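Here come two complexes built around chain A, the first alongside chain B, the second alongside chain C.
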Partner chain A sequence: MDLKLLKTQEHKRRVKFGYMWALFCAVLWGLWYIPGTVVWVLNPFDEMYGEIAATNGDGMALVIVAVLITAFNALTVMLALMVWNGALGKFGEMKRTLKEFHPCSKWFFLASIFGGPMAILGSFIAMGFVGGAFAAVAALMYPVIGSILAQKWYGEKISKRAFLGIGFIILGGITIFGGGVLSELGSGNVAWIGYLGGLMAAAGWGIEGAIAGKGLDIAEPDVGLTLRFVGENIIWWIIIVPLLAIVGFPMFKYALLAFEPMTLLVLIFAGITFGFCYVTWYKSFPLIGVGRGQGIGNLYGLFAVIFIFLFFGDVPSWTILLGGALCLGGSTIMFSEDTGEMESLRGD
Partner chain B sequence: MVQTQAAMEAYNAYWVNSPLPAADVLWMVVILVIAIVALWQARTFVSQF
Partner chain C sequence: MAGNRPIKFRILELCNDNGKWNYEIVKQIQKEYNLKGNFQRDSINFDIIELASGGMIKDIEVKVDEDGIYKKGFLLHKYVLTDFGKIRAADACLMYV
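Right, the complex of A and B next:
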């Protein structure tokens, strides 16, 4: 067997794994909406919302409770990633990457700033001030920002076919949430801060992907993502939560009350889905590129609708079926791309 | 903090309309199965590259 054939086979296997990781990301991201939704009705978050809303209004209560839930989410994601890295025997690699701050870790800490307080909090703000459908559509735009940044910054190639596939998936996502967006926007009295939140989500996840793509040139995705969540935990638990406690919100009182079996169980499942979805997202980037990884990852909108129907019984409307067909069409366009096009992801 | 009756009623209400049996437990089983498959594939990936 000649060397060129072996190289082609190896490349095909890498692309196959890349798409598989991006698909795992979409499925797990879609599943995350189950624990991510039900945790809001459990205590202490339910009572915390009531206490803050009574003095500061519903909008402020939503953002503050979202901060605490996101901080706990980051904590349980860390635990899930420790299990992931332990099972793959990567603790030694983690120590090495952490020590190499200048070439490696700085990218993942930077990614945590854009992914955590910018994208995740922005998404919660958009949900609270405009609505869930708007937040989901706004976030669907992130592959456009991610792929443009990756192309301008380090010359990542994005073929016309891949861009067409991303376009179809985004159009499908907009159709899925379209009805909800129109009713949310038509209701009037929408605060501008909600739109800012939507922009934060799209820009934050797009920038995070491009930064991660750069960091993953020299670091393992499993380890890199764990360091990114170490960064996010520092931001939430050492900076933002104490700052909110200093300005008078009951952060630590309710944080301590969260150690209750039912709440912890739901938070742990949120951590498993979010942690594993993020790590598979990062794993897809070096194999198929940031643009394609984010494009396929965007199928989370379709999977979220499917899982919400299966577990909550919310029946999908015709717009969801049409949007789902567009998403599948976009994925097929990307999956069926000749792998030879991706032999070099950086145009060299 | 122990869950109040109102909180548990709101939590249980989520699964009432599910077409699947025992949806309140099944969602956790589905997550565990997919997570284990992902981890198994990650180990396969490590051994191949």
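Right, the complex of A and C next:
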């Protein structure tokens, strides 16, 4: 067989697998909003909310409960990823990578600061204050921040077409935030902290992606992601949760109460969907490129709105639908780019 | 020191001089890190693909695997470190400047 034909075949095969991984990522990510929304009404989180709200007000209660939920989310994600690495036989590589603080693990821990307390906490706040569909669609803005940072900072290639796609996503984002704020300003009931949460999710994930990319390009992604979640667990369970407990919030009391079968099941569901959405996300990048990987991954917004409709019967408001459609349009522009140019992601 | 640092660091080192074929890299890594079996073999090869797509290494020669050195009928690639790869590697594992 001739070389050229084999080369195209190899490339096609890669692209096919890349799209498959990215699609898995989108489905899993979309699914994550179900446990993420359900967990709010489960005990002990519901009771905890009531107790804190009685003394500190609703807003404070939501943020504090969101912290505990995010901390549990980080814990179950880390467990799911540990099982995954165990199955792949990568604990040895994990130890080797962890020891390389300067070139590798430094970046993962830095990424966990933006991914955890900023993006994931922001998402949970948005879910709690505004709703799952809003949280999902708001975070669609993250590739804008991620790709601009990646380009400015380490010269990742971004094509004109990708810029066009990003433009659409920005428009979509404005519709989601602006539209919601306008209609709620009219009714005099702005859940501004929910919108802030949505913004935190978009900015946090964008920054996380750019920072993590720096460490991941010379490390094993499965291992790097696990270390990133180890970092997040340190932030929550060793720093923030104890601090809040010292300040006087009943963190540990309710943390211990979380070991109820139903709550645990939902938390584990969240851990598995979220953990593997990260894994599949990173698997897609070397095969189809970051821009397209994120573009397809962004279909999670659509899946989330569909799943939330199917499971809860929530019909999202028209601004969220319109904004989501614009974001998806932007993603489509990004991933329909000709694949020939995508063999390498950076200029030499 | 063999088998002591992350696998990708070692792959970058191996591609440093005149370039290396992917099957040579895979075989050497398997030996140095004591990784056996086809699954580990493919996983190391995927590391190489990741490094190439990240622009750290690039292929300078391609040939068809006629004799089944790696996988019969598939392509073999010879990789060399790029300038970008050299900068990144200098930061992590290789001593240049």
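Following the convention adopted for this analysis, the second predicted complex is superposed on the first by the 248 of 348 C-alpha atoms of A that agree within 3 Å, B and C clash if a C-alpha of one lies under 4 Å from a C-alpha of the other, contacts with A are read in each partner's own complex, and residues count from 1 in each chain.
The criterion applied here is as follows: a residue touches a chain if its C-beta (ideal position, glycine included) is under 8 Å from a C-beta of that chain, and two chains touch if they have at least 3 such contacts.
Keep in mind the model is a prediction, meaning the values are calculated, not measured.
In the superposition on chain A, contact is made by A:Pro103 with chain C only, not with chain B.
Within the superposed three-chain model, A:Asp58 lies out of touch with both chain B and chain C [touch as defined at top].
In the superposition on chain A, A:Leu88 contacts both chain B and chain C. In the superposition on chain A, contact of A:Phe285 is made with chain C only, not with chain B.
Of the two partner chains placed by superposition, only chain C is touched by A:Leu3; chain B is not. In the superposed three-chain model, the partner touching more residues of chain A is B, compared with the other of chain B and chain C. Contacts of A:Ile218 after superposition on the shared chain: chain C is touched, whereas chain B is not. In the superposition on chain A, contact of A:Leu257 is made with chain B only, not with chain C.
Comparing the two interfaces of chain A, the one with chain B and the one with chain C have residues 14, 88 in common. On the chain B side of its complex with chain A, the touching residues are 1-4, 6-8, 10-11, 14-20, 23, 26-28, 30-32, 34-35, 38-39, 41-43, 45-46, 48-49. Taken in their complex, chain C has these residues touching chain A: 4-9, 12, 33, 35, 40, 43, 46-47, 49-56, 58, 62-64, 73-75, 82-84, 88-89, 91-93.
Looking at the complex, you find that chain A touches chain B at residues 13-14, 17, 20, 24, 27-28, 31, 34-35, 37-38, 41-44, 46-47, 84, 87-88, 222, 257-258, 260, 262-263, 265, 269, 272-273, 276, 280, 283, 307, 309-314. For chain A in complex with chain C, the residues that touch the partner chain are 1, 3, 6-7, 10, 14, 88-89, 92-93, 96-97, 100, 102-104, 217-221, 223, 285-287, 289, 343-348.
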